[in-house]
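Every chain is named by a letter (A, B, C and D) in the order it is written, and numbering of its residues begins at 1.
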Amino acid sequence: MSEPRRDVPAAGGSTPAATGAAPSGFTRSEMMIVAAARELAGQRVCFVGVGLPNIAVNLARLTVAPELELVYESGAFGAKPARLPLSIGDPTIVTGATAAVSMFELFSFYLQGGLVDVGFLGAAQIDRFGNINSTVIGDYEHPKTRLPGSGGACEIAINARQVFVIMRQSKRSFVDRIDFRTSPGNLGGAESAARTRREEGWLGSGPSVVVTDLGIYHFDEAGEMRLDSIHPGATLEQIRDTMGWQPKVADPLPTTPEPSAEELRLIREELDPDGAYTK
Amino acid sequence: MSEPRRDVPAAGGSTPAATGAAPSGFTRSEMMIVAAARELAGQRVCFVGVGLPNIAVNLARLTVAPELELVYESGAFGAKPARLPLSIGDPTIVTGATAAVSMFELFSFYLQGGLVDVGFLGAAQIDRFGNINSTVIGDYEHPKTRLPGSGGACEIAINARQVFVIMRQSKRSFVDRIDFRTSPGNLGGAESAARTRREEGWLGSGPSVVVTDLGIYHFDEAGEMRLDSIHPGATLEQIRDTMGWQPKVADPLPTTPEPSAEELRLIREELDPDGAYTK
Amino acid sequence: MGKVASMRDAVAALVHDGDVVAIEGFTHLICFAAGHEIIRQRKRDLALARLTPDLIYDQMVAAGTARKLVFSWLGNPGVGGLHAIRRRVEDADPAPLELEEYSHFGMVGRYTAGASNLPFFPLRSYFETDLPKVNPLIRPVRSPFGDETVYAVPPLKPDVTVVHAQRADANGNTQMWGLLGCQKEAAFAAERVIVVVETLVDEAVIRADPNRTVIPGLIVDAVVVEPWGAHPSYVQGAYDRDNRFYRDWEAISRDAASTAAWLDEWVYGVGGRAEYMEKLGTERAAELRPSGSAPSGSVDYGLYE
Amino acid sequence: MGKVASMRDAVAALVHDGDVVAIEGFTHLICFAAGHEIIRQRKRDLALARLTPDLIYDQMVAAGTARKLVFSWLGNPGVGGLHAIRRRVEDADPAPLELEEYSHFGMVGRYTAGASNLPFFPLRSYFETDLPKVNPLIRPVRSPFGDETVYAVPPLKPDVTVVHAQRADANGNTQMWGLLGCQKEAAFAAERVIVVVETLVDEAVIRADPNRTVIPGLIVDAVVVEPWGAHPSYVQGAYDRDNRFYRDWEAISRDAASTAAWLDEWVYGVGGRAEYMEKLGTERAAELRPSGSAPSGSVDYGLYE
């Protein structure tokens, strides 16, 4: 499962920076969702787990990307859920879908077959090149924390045309060196990554955006994360305090436009009326 | 398709030996079907095309092998045809079947997965070791006669636990040396074939019986065809005149018991009432 | 109307000279209507892929559309040979025809590798046969576990795959039942997909039974509504195989002139499938209808609101 | 009654200490009832295979049935961790647990190779990840076409696969709808297969819709009729996922003592699934029913007489 476990309230406490509302009457989670949705403009097929990516994708369909088609990692395609799905395999994503397919078909024909434009990944750890760890903290054989593992993440990273990462920032998660590489990003840099992808026949061109509770990062020519937009209310100091390396910062650095009234209405009234994911 | 094209009336003239009724009011085709059906005693799962094998298998279900299950090469399983199927993909084998599966599933899980006890093959040419040609007469690049080719025959020969061959005898078809090896039999002999099968991981143990219009052959310790039973009305001279090599003959050589009244009734009234295959 | 197009427009836009074309369907749902339109539009130098070329490729080869066949079984099942193809193969009459030959499972593996973007598909076949000797694209591959060697076939990625089905919606979400062959794999493997259906249905019909969907609209370029488009093959639940035509073809195709005359009358001489069916006559069509219905019954997906 | 057996008899006869056991189902149709019976019968040293071990394997691991997990994603989806498993992995408490780890597609490929009797399954995954470093059974394989190298996983052939489904006949012909996961592959790959169904149906129901059959009776050893056998997971059209229990498990399983107490009460303390459901209460069960029906509609296979 590619859903970022840490995005779910029950999964444990938020990081300090993620706590509390942003200045203008919307939460950091709402800003994160809106920012991710806007990044989906022009995209077509998303491979998606539930939780924040699901809401972001559905918001995008209602706003910037009406043509977006969802492939759920559980095998539902073209879902029209009658309620907000509570898990990646919620029966509500199957009833009324255009197709429900086996995992073999999903991973072979949809994902590896090259039909997926955008895959979403969460992470326990990410480094500056977008390499991701969701397997263990500490040593693999004797882990300090045993995390869920790859699920479909490593094949999503390799076969989705591009990868979107949605996760909250913290010193624990934005690290100089990840403990285990579950999903490859830009490896040691853009040039070697491009060569490797070509030689090994990857369909994907790697991570294209990281949306956090504090800002939006893209990857520069060196393949390194660069802060390209800072969310309203966040500061560069907060950004730096929640990362294990000194991030590159766009100059000038724009502020992410606030969620519009319509975007907020859609989230609050239609996509997550109980606030399960966006409180 | 594994059905032997030559078994079908429209496919062209019969060989001389196959012409005419056997002595006691049954045809050579009927004798052939009955002999093949009896050989199926104790078998469970058959991979089958239409035509003679289909009738033989259904006769066996009604007589010596009530537990027999049919896997049609077109993907129907557990068929209960409401009429005699006229082709391997006749819709009557699908309506009322217990399963209808894709070719991928059929060849991967049923056949290569090892569920098939008996596969049926026809042949344009067969040699003394049961190696089969259904591809070309003459040189492959410049064939004298272009035959249908393998279809599923080569994987049936390798993965069905054993192979039954049903074909009429003639000098053209029972040959010293086949022009092209489409489906492997006992290769150059039993010993090398057993070693090859073991080393290459075949599931099948090769051909176990050849039923013709004149007799029944099994394979001896050397892996060579041996005439084990001669049909009523056939002579050893006829046998030898319709083979390209001097066949081994069991001593004593029993005569195949004639079709029983019940066997003939089942064929004529239930399995092939129009005599499409058994005239 | 989404992707709905006429057969003429779909073939004109999506099938090009020189393409690798797969009109799939194992005995069932063979789209003769698309093959005939390709003949009428005088497409040339096609590489025709199909497990069982069947009458439709014999007709397309006779009409000069093809330079090559990629196949596993070449015959008129239960009847005889494919004589237009045999003339070209045995006598180069009127021109040679390139053959690239596999077994059924090899073809299925090729489509599966194509659909899955795999560089090869492994299978336990071809051992000790002459097929790898005459087809250099059947190659041994060594397992990285233990010492075993099996065979491998390369991906087959048609430029166009044509699939006939019982029904689809205007977006190309396609459902079929009965024998499924390898249409799914051939469609996912293809660059472009034409779906031809007996009936265009509302999206709600598709959405009522998502497990019945074999091909998602996502990979479909055109939906052609062409009832009887599979005749003389058949459509489960809609019409039977026209075995008489399969038998008739044996005589028609044994001679180049009678084959050409048949093409003139039944392909070039009609504007499309509707006219072809008119010519065939309602009586013959009526004979091919099932004798009754055999409903699948309905299952419940449940409302989860 | 063909292969119909009680859960107790099926598990006693078909699951043995030391077996490789797969109770499959991706979020849907997870057979908790079989897992609980395996716990009650105190099976030991099992190697448990599943893409997502989910709560059922956390419970089976907590109960001491397992020596090993073969898996791809270890968590309580949307909620948290699997704490009994984590205690054994992180702290060897009360004993170590062997892990053999793949990705989802790797597991699917393993079952597919097992079902197909292939020595390996190739896939485009694992490039530049650390997974092959910690699992020597993920190995590179070179394509015989061109220079490409992809990865391969070995076949997985469970001794027993358990599949939950909506319905089967007494011979084990099994139909399911909704998310299909990789139950088909896991069942064909297995030495023995137990099918657990909500409803036993007449063979005629199966035969009415042959395309709906996912597992043929041919490979099934026992059919267990156990309504609600997938709770707290779900059965499309029959009942919803009990998300409350998934959340509750987070607290229950964080502590070894409360986990043991839960097992005492809900597994050892009941004779089987019927008693478990009685204990759960009709009110909670009623809440899990779908809010209405969503019929698939019927298709026509046609009578061909």
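Simple rule for what comes next: contacts are C-beta pairs under 8 Å (C-beta built on N, C-alpha and C of every residue); 3 or more make two chains touch, one makes a residue touch a chain.
Quick caveat: nothing in here was measured; it's all calculated off a predicted structure.
The greatest centre-to-centre distance from subunit A, using averaged C-alpha positions, is reached by B.
Between B-C and B-D, more contacting C-beta pairs join the chains of B-C. The mean-CA centres of subunit B and subunit C are about 28 angstrom from one another, to the nearest whole unit.
Subunit D has its Cα centroid 37 Å from the Cα centroid of subunit C. Centre-to-centre spacing of subunit B and subunit D amounts to 41 Å, using the average Cα coordinate of each chain. One simple way to say how far apart two chains are is to compare their mean CA positions; for subunit A and subunit B this gives 59 Å. The set of subunit C residues touching two or more other chains comprises 112, 117-119, 123-124, 148, 150, 177-178, 180, 184-185, 208, 211, 236-237, 240, 290, 294, 301-305. Shared interface positions of subunit A, i.e. residues touching 2 or more other chains, are given as 76, 90-91, 94-96, 100-101, 108, 112, 159, 201, 203. If the chains shown are joined wherever they touch, the resulting network has some other arrangement, not a path, ring, star or complete graph.
Per the contact rule defined earlier, chains pair up in contact as A-C, A-D, B-C, B-D, C-D.
Looking at the complex, you find that subunit D touches subunit B at residues 112, 115-119, 169, 171, 173, 184-185, 188, 203, 206-208, 210-211, 213, 216-219, 301-305. On the side of subunit B, the complex with subunit D involves touching residues 45, 69, 76-78, 80, 82-83, 90-92, 94-101, 105, 108-109, 112-115, 159, 201, 203. Note for the complex: subunit A touches subunit D at residues 1, 3, 5, 8, 10-12, 50-51, 73-76, 86-91, 94-96, 100-104, 107-108, 111-112, 135, 140-141, 143-155, 158-159, 180-184, 187, 196, 200-203.
Against subunit C, in their complex, subunit D makes its touches with residues 117-124, 137, 139-146, 148, 150, 152, 154, 166, 175, 177-178, 180, 205, 208-209, 211-212, 236-238, 240, 290-305. Listed in rising order, the residues of subunit D touching subunit A in the complex are 26-28, 51-52, 71-75, 77-81, 85-86, 89-90, 101-105, 108, 112, 123-131, 134, 148-150, 177-182, 184-185, 234, 236-237, 240-241, 243, 246-247, 250, 290, 294.
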